[in-house]
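Order of writing sets the labels: A, B, C and D. Residues in every chain begin at 1.
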Amino acid sequence: MAANSFGKIFRMTTWGESHGKSIGVVIDGCPAGLPLSIEEVNVALSLRAPGKSPYTSPRKEADEAVILSGVFEGKTTGAPITILIPNRDADSSKYEPIKDHLRPGHANYTYIKKYGVFDYRGGGRASARETACRVAAGAVAKKLLEQYGIEIVAFVKQIGSIEAEIKDAGFDHLHAATYSSPVYCPDPEASISMCKALDDARAQGDSLGGVVEFLVPSIPAGLGDPVYEKLEAVLAFAMMSLPASKGFEIGSGFKSVSMIGSEHNDLFFIENEQVRTSSNHAGGVLGGISTGMPLVGRVAFKPASSILKPQDTLTLEGKEVVLQLPEGSRHDPCVAIRAVPVVEAMAALVLADALLLNRSVQL
Amino acid sequence: MAANSFGKIFRMTTWGESHGKSIGVVIDGCPAGLPLSIEEVNVALSLRAPGKSPYTSPRKEADEAVILSGVFEGKTTGAPITILIPNRDADSSKYEPIKDHLRPGHANYTYIKKYGVFDYRGGGRASARETACRVAAGAVAKKLLEQYGIEIVAFVKQIGSIEAEIKDAGFDHLHAATYSSPVYCPDPEASISMCKALDDARAQGDSLGGVVEFLVPSIPAGLGDPVYEKLEAVLAFAMMSLPASKGFEIGSGFKSVSMIGSEHNDLFFIENEQVRTSSNHAGGVLGGISTGMPLVGRVAFKPASSILKPQDTLTLEGKEVVLQLPEGSRHDPCVAIRAVPVVEAMAALVLADALLLNRSVQL
Amino acid sequence: MAANSFGKIFRMTTWGESHGKSIGVVIDGCPAGLPLSIEEVNVALSLRAPGKSPYTSPRKEADEAVILSGVFEGKTTGAPITILIPNRDADSSKYEPIKDHLRPGHANYTYIKKYGVFDYRGGGRASARETACRVAAGAVAKKLLEQYGIEIVAFVKQIGSIEAEIKDAGFDHLHAATYSSPVYCPDPEASISMCKALDDARAQGDSLGGVVEFLVPSIPAGLGDPVYEKLEAVLAFAMMSLPASKGFEIGSGFKSVSMIGSEHNDLFFIENEQVRTSSNHAGGVLGGISTGMPLVGRVAFKPASSILKPQDTLTLEGKEVVLQLPEGSRHDPCVAIRAVPVVEAMAALVLADALLLNRSVQL
Amino acid sequence: MAANSFGKIFRMTTWGESHGKSIGVVIDGCPAGLPLSIEEVNVALSLRAPGKSPYTSPRKEADEAVILSGVFEGKTTGAPITILIPNRDADSSKYEPIKDHLRPGHANYTYIKKYGVFDYRGGGRASARETACRVAAGAVAKKLLEQYGIEIVAFVKQIGSIEAEIKDAGFDHLHAATYSSPVYCPDPEASISMCKALDDARAQGDSLGGVVEFLVPSIPAGLGDPVYEKLEAVLAFAMMSLPASKGFEIGSGFKSVSMIGSEHNDLFFIENEQVRTSSNHAGGVLGGISTGMPLVGRVAFKPASSILKPQDTLTLEGKEVVLQLPEGSRHDPCVAIRAVPVVEAMAALVLADALLLNRSVQL
């Protein structure tokens, strides 16, 4: 049921396989009158592009998206906006020898169980390639958020056991520091350690996990819906739909468990005639609705499943076999890095939708 | 946009305020021919009922649900099933004195910001009372799962800093041990420590957090949808919609982050002519689709926000004030306990829907 | 898939069988702050109630609805509004003798083919009794429309071959004339002829068809969505979901077919600084979006399927049998009459939703 | 809210403007394993293409669609199927002089009222060009229906005041006769009269209306959902979303109104061990669910709004002006003709969805 769509009013539908002709996204429900150019989309895509740093897959694919519909004279018209991203650098031949191997940590087994068929080339629809479409749609969502003064930043908070210490240095600094780090981590020291850990993992044909944190420093109160459409629930849904994600938390998250109520409760007070809370363990939401305090959450990513180390597995027919990825296979040692702009995009899509949904709740 | 509905084919819509006449749920899309009696619903509700153990709120409310539609001669007909649960023990008068206090950790501030009004009596729609409807609907979902041989158990995995050790003793044992513990924790030793910790917290007018784990020991491969409707994403959405939940993880979750790929990847092998994996860090899903291995996940709950300790806060008008809950207020010291049957219910609702959705994916 | 729900933002879900304990409706997405009392709902229900005129079924059922949720201190809160209507006058015993007869024009055969079971008592879920819930929800929708100055009137335009001539005498007159006619037809002469025709049909144990017209004299331009959610498409969907409806048309409808383009095209001109059209063959919509001219459409209802004349039919087991409705069966000789307030309600629900959807289309 | 999507499980999303680079459709929810080739889509598109007969617009655009995703080794994979149709023959320059004229019968006024902007080139999103995407998606739906032995035929039933007499000559004959007539009318005599009427209308710079009938000779009982998702309601929704449609009816439709119940009721009997009805005034549905008798309905189309005759109108700024379409403008004198394959496509989409929805209604 519309498994390839996301959002209610501001709604995207994505399509395309990793090694097909192209991938793309249709955005339905974007308000008319929003200035939009393809350059803005391509800038966003470049942050997710592989080959940008030594710690991401060397696939050389400069995504050059095109807008096929929905924009007229530089502005959205209210019609569906279609963005198409050609696949240029897709070489499926390397996968031929292992096309009938069940790949540990991958989805080919489950897709075959579900559908009876699997487009194995480059992971087909299950490939992280699909997230480029999320970033493209997220770029449009961010344009809408701009109109409300809402900015989102995400960054690598942890790789393996190395945790970054993020000082609240303002949005601009955080954003700049993130995207100037080869591992998208704004803490320079942690960044260096993470690089070293990734070098080590890669040398051993292995991979590392990571945590991505997202932060919306300034957000109006009242966004999000109660009961089943709580803002944190929709964010969790968005983030847990990302390939390789294994956990989500909002505010103090799992750490809340070992806190006591009087410590965890954020106390209300007035600052500059605004209601604020003295702490923000809630992470910016109460009862599913934004409080006006910064929105903060985290997503856990498992270590990349594609590793060069040989692994015992089965073929589709159930024969025991050793899986050895082809020499020169291009894989990220830590998928959390390139997930940073995708997490940003998903947060943007959730908030764009929440803003539009919120227009109907009062007379 | 349908913020009070959950599910796609097997879809529930809940309604009602904590101190209104009644709460209820309509289930649309339940297949015809399913045997269903109100007794089964009431048994499920009794597990969530307050006052069942010394560690839950003493509100004495024996929920006696009635089925108003959708069942004929003991079986579902395909028509919407409506279950109504009267509110018997609602005394709103205690809340009168604090009705204009912003309650730390609660939703009255955000509801007012969103809607301009708030039915403050007993927390209105934001009350955990609403979760009784989830349990009622979950009881129906479980009847459907029974037809597929699927059982779900949830239990308290952690309270405060006390973590239970759960041995895989089979579904029946786990279920029995859980619901015979006053804190719904199947580890008898941890259970005792948790009781003590709760006594201490309560003595100080404070509260504790907790983790609830859910487990589906036996589940077919192929459930869940790719991309945006991944099984883990829908489970995250379901669980993060629970009051007081702050985190969700599937399989090894946040612990995955500090594992390496060769350790985290679950290797495929054959056992009894079935494809299995040697470990289950994935928690039963790959690429959003069930693998056939046990489905395992966890939900983090913050310490209960209602505490007897006085707290600094504001009135609706922004005046500083000290919030003191009325003497004899009935509150759970740890909401994770009563969340156990609710987590079970949400998992059941997700799986019932996934089973029906899965009927349409092949010719 | 949510077959018992209608609407997107302003969304109702109905439930209940004709001879169950009660029927009801949950409205999710009604904006907060709308004044609402149960009296307003009951007044609306009284117009649909059977036994109101000699030409409707004599079932004596004074619907006394109750509001179970979503209203606090006389206003909606943004929470789901539940309205329950008890079934008082349900006597299923009369249907026992014919419970295994396929009833011509009725849904018991198709329900059994679809679901394998059928709650035959009073027609179960397929009964027109369900439309009471539409009227209750429509009463809430009308309260919202009031805020925009939008009023809707529906009336009987035709019964059998007797067509009324409706003069544009203003909303108030039309509304009053409609509901003072025993056949809900504002043309007094046609009304008398219709009564006679109904008397004749009833005397022969037979029934007549009818056409109901709806009119929204004053409506802003811009409502409705393009492509698949055109205002006329959603209205058609709404009206063709009514029991016994067989046709829908907007504006000049089927008569458009024999017009030529230069005659059918409504020409734009300015009147009182407003853009108007010189004629309104379009019926108030162009390209699926309201023009600001009156919205006008019609619904065709077949003659009532429940007739006292004996009819050849089969039993569930396929045995030939003559169906004879029990003496004293209570049936409307023409369902179009009581459909009038239901058509009004459906139009109100469509427009309430369109108004809320329209809030998101521009920046 | 997803105004550019249609369907629930089998769901299409269309995009693109008449004079943009391309238009296209994404189909989500098509079962895996369905054989599909682009040739089949292009054959379907050729039936809708302009310039095919003297009575359709001479725009010379051989649609050459491409499949961008969702098909692997000649079969669908369960992933979204994207079909892109380039726009080749788009010359917007002719529209420049009248771009600020309100066009009678067209949507530019309402789009501007709704969105504040309008992509006037070729009618933008409001153009009937969009229906090519429906036909492309319908071709996929038909492939699915084939698996169930379901075939659909549509044809011109009426143009202006000339009504065709359609003999039940079997699907194959009807299909062949339809598409060999220049006006898609299988009655050869009526076809000739219609051609003459169209010649006359065109000579006067005017246009005619028409009725398209659709017929599904063989369909299983049990399709369609009760209450709000009745099969006839969804068909009405589908058909009334077509450009220029003004009315819809099922079975005997508006003619039912002047029938009496004992005449209209279709009586059940057994034929070849199948339950049948002696007549089919119902048009194949009872209570919203298919009976197994042929599904029959009709759609009324207004005379084409684009006429060469000069028309009084206004500019966007409200200035009076005479609209004169540019010499050599390419317009259909009767849109019902090219609507035939589109009506077929919409019926196919509705039934494909109904078949999949029906998989979940019983245990």
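In the analysis below, contacts are C-beta pairs under 8 Å (C-beta built on N, C-alpha and C of every residue); 3 or more make two chains touch, one makes a residue touch a chain.
Keep in mind that this is a model prediction, so the values were computed, not measured.
Its interface matching that of A-D in over half of the contact pairs by residue number, B-C stands out among A-C, A-B or B-C. Ranking every chain by how far its Cα centroid lies from the centroid of chain C, the top place goes to A.
Each chain gets one centre point, the mean of its Cα atoms, and the points for chain B and chain D are 46 Å apart.
The distance from the centre of chain C to the centre of chain D, each centre being the mean of the chain's C-alpha atoms, comes to 27 Å.
Across the assembly, chain B contributes residues 1-5, 8-9, 14, 29, 32-33, 78-79, 111, 114-116, 125, 226, 361-362 that each touch 2 or more other chains.
Chain A meets chain C in the complex at residues 1, 9, 29, 31-34, 78-79, 144, 147, 226, 356, 359-363.
Residue ranges of chain C in contact with chain B, taken from their complex: 1-5, 8-9, 11, 13-17, 20-24, 26, 28-29, 32-33, 66, 68-70, 72-73, 75, 77-82, 111, 114-119, 124-125. Residues 1-6, 8-9, 14, 102, 104-107, 109-111, 113-116, 125-126, 130, 158, 160-161, 201, 205-211, 221-222, 225-230, 232-241, 243, 245-254, 256-270, 275, 277, 281-283, 285-292, 300-307, 309, 311-314, 318, 320, 357-358, 361-362 of chain C are the ones that touch chain D when the two sit in their complex.
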